[in-house]
């Protein structure tokens, strides 16, 4: 299926019919003085064309390293295992020379801090047309016209004027839109957005997420949205993958996930977020302790040291990914939400008030 | 793991990678080490200065020690002409009797080099100490108080930097004398500006941090903030700079000696080199007379530079992890 | 939007009363940033006032102005009956012991070269309170009440702790002088979600335990609602709306508040996630718009809004709004249906 985007560029150049992205037991480890940091430790998932996947996790969960691993943007100290197939082609471990053909043209990335990602000494127009001329061999006037259209696509007012401006002359929100325009310039099939709105105001955040979504629909592009914000994921993704300690701990279609969370971690995370509907001074549920040390992860389930529902088995044996009620919902827990053990412990926990323990428990961290 | 647990943030500087990846340092020789020190929270940073650092420190220590203990070491008097050999005229090449050979007046080069170290290293040390004291203080105060005071001090720095160093040296030595003290202080004055600028920049970057603001809100007065909060932090990049600065001063002294402007009494490395290179015949027939001090000077300066560099890297990395 | 309204000020035991605060900075090329342009508010004893707004609204500047860092351009800041703006350096220093501040960046709030315990002890050293033994005892006690092991604190430096722990240490340091008022400037913005909850709970506990009054500045509305009794919304140096927490979120009257609330991504796939109708980008505080500062971006703006600056007017029940055309209809934002309750007990 080939849809022409508003810029007139065809998308989905690759013609294979299978899923766009397949990760199979992807591992990314870093060699450091302290030891081997297992930043990503066995992640498998599948993504279709035009789909939006949210990767959710906190610091140390490995979500950023995951997105970098998919793009192939890792430092030389990284060691990769497993496989990453993009449009049927294995791209894990490909040399930079070959990856360069993919970057910008088939897969693009939008980063968190637009101030750092844009070249401060280059005019906006040049930064966009650079990519166009490199990958699509456009001549100057063609490229500029395309650039103007791209800026219009991302709703930047007065796009012709912007071409001649420098990054510091634009606001944070506008810079991020420019980043998106650059990323979209050559009509990639996959867009990776790594915390694209974290550094922005909440009103601007909403606008940026809308732009990404709009472009996704128009171009039938796949989007991987890496974020820590469950709210962002709830409204803007089809599928959600929750990461913890370098592993994929739960994956489900968005609606299913929020309606039926299986992992105590995901559940605890939800409970610790203050929500607008709650009255003020609602006691927040906390997760004691800190994310695990990726050099020496705990034996057994990585969340066990912090889980209020932990039992002996959790500490010794690592739970595998199993299916929940539907085949596209998987999770990794011995005693998931809804299981008899969980319910039993939940009652105890609520009775003792442990669930809403104050920060005093944090001493362990 | 230095876990910063940052996720959301407004205009805060986020590392692009997870912190585990952000604290990367390639393992030495690419060997994977599975040993984790302590409870794993502290990165074993010490190893990062490397063995080269310690070799440099050892060399410097050895030279300094030899220089200090020179009067008591069992070496020849550097000014005394040694008894000549039958049939051979000095200068004698390096051998078992004279490790570095002798000069035209048959004076032991090895002991002359060691005694030369006394002066050269003293000049280097005093110069940089002066620079640190004066330049460091001015820089810190300028960086902390900013405003008109900062503008004044920065102007002074610019003037000092623009003033041709050689002309200043010539002027001072012509007007005053060429004692060890004068030469050292002259070089010290020349180091005030470079040191001061580093001190100022370092202070500015720390003074912006919230712990300084916190100190103020807790009621600390300025002197206390400068001494207890800023100084311990600024001292670190400064000490790395001190080593580098000392190297520069020692080389500068060598340069001055070549122009005949160095310390009048006694020998310095510069003077020794000059003595050995004063005629091309000497250089060709008795190269050890200048090469011995040249090599020792070179190794010492190299050691100072290297150690200073490693020290700076070590502290820079730790800063980044914060 | 008001600057010139005092209708919302109350009677009662006020710990802090700010009136007509103006803070302006000169920047390069002769321009002046009008960070705060005449706001007034009060905080009753034992209350938590939340100040919320996006970047550039002046909320952080307000927090620092209360501490007189820097001294505001004009206006009065009355703390426990004393106008801080009129105090001399020494008197100000003494008054400051009762008003403390917690900052956004947890790691940079602590001196990297000192042990954490030293940093917490510093205020006592500055003011020479008690003997060495008494100080150590107090510090250890307070460290324990924020959940930090005193032994570890005595031996460790900030970089050996996590962000959440560093923030707790900063709280401990703020408590050591037994302050009346603590100003929290975005204290949880740089923390992970799960750690955020720990610190928020901690602040609530400590508030109860030590009888504190809090001013909580943040950009995250859900967080502010959770911890505050009363919330003030700021935009470009002015106050838009002041109300009790529950009221503000249940019945936002100012169009800007409405937009803010609608923009928050709720962790609920069925909620409305389309971006609210707000036009363009925030203008620069160097050249703020005339009349109501929000009018260029407001969907309801008219000529009056461009001409005249609105004053804070009462809407009933301690709810005040500065708008010529406030939204009268109750808008329940964020909940798909009122019946859903996402309280922790689910």
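Note that the chains are named A, B and C in the order they appear, and that numbering of residues resets to 1 at the start of each chain.
By our rule, contacts are C-beta pairs under 8 Å (C-beta built on N, C-alpha and C of every residue); 3 or more make two chains touch, one makes a residue touch a chain.
Small disclaimer: the values here were computed from a predicted structure and weren't measured.
Enquirer: If you walk touching chains, what's the least steps from chain B to chain C?
Expert: Between chain B and chain C, the shortest chain-hopping route counts 1.
Enquirer: Of every pair of chains, which is linked by the largest number of C-beta contacts?
Expert: Looking at every pair of chains, the most contacts join A-C.
Enquirer: So, what's the distance in Å between the C-alpha centres of chain B and chain A?
Expert: 48
Enquirer: Would you kindly tell me how far, in whole Å, the mean C-alpha position of chain C lies from that of chain A?
Expert: 31
Enquirer: What are the residues of chain A that contact at least two other chains?
Expert: Chain A, residues with two or more chain partners: 58-59, 201, 228-229, 290-291.
Enquirer: Multi-chain contacts only, two chains or more: what residues does chain C have there?
Expert: In chain C, residues 55, 162, 164, 192-193, 195, 219-220 touch at least two other chains, as defined above.
Enquirer: Multi-chain contacts only, two chains or more: what residues does chain B have there?
Expert: In chain B, the residues touching two or more other chains are 3-12.
Enquirer: Please output the residues of chain C touching chain A within their complex, sorted ascending.
Expert: Of all residues in chain C, those touching chain A are 54-55, 145-149, 162, 164-165, 168, 192-202, 204-205, 219-223, 225-229, 244-246, 249, 259-271, 273-276, 278, 280-282, 333-335, 340-346.
Enquirer: Which part of chain C faces chain B closely enough to touch in the complex?
Expert: 55, 67, 69, 93-94, 96-97, 99-101, 103-105, 107-114, 119, 122-123, 126-127, 158-164, 170, 173, 177, 186, 189-193, 195, 219-220
Enquirer: With touch defined as at the start, can you tell me which chain A residues reach chain C in the complex?
Expert: My answer: residues 58-59, 157, 171-174, 201-207, 209-210, 228-236, 254-255, 258, 268-288, 290-291, 350, 355-356, 358-363, 365.
Enquirer: Would you pull the chain B residues touching chain C in the complex into a rising list?
Expert: 2-12, 41-42, 209-211, 213-221, 224, 228-229, 232-233, 236, 318-319, 321-322
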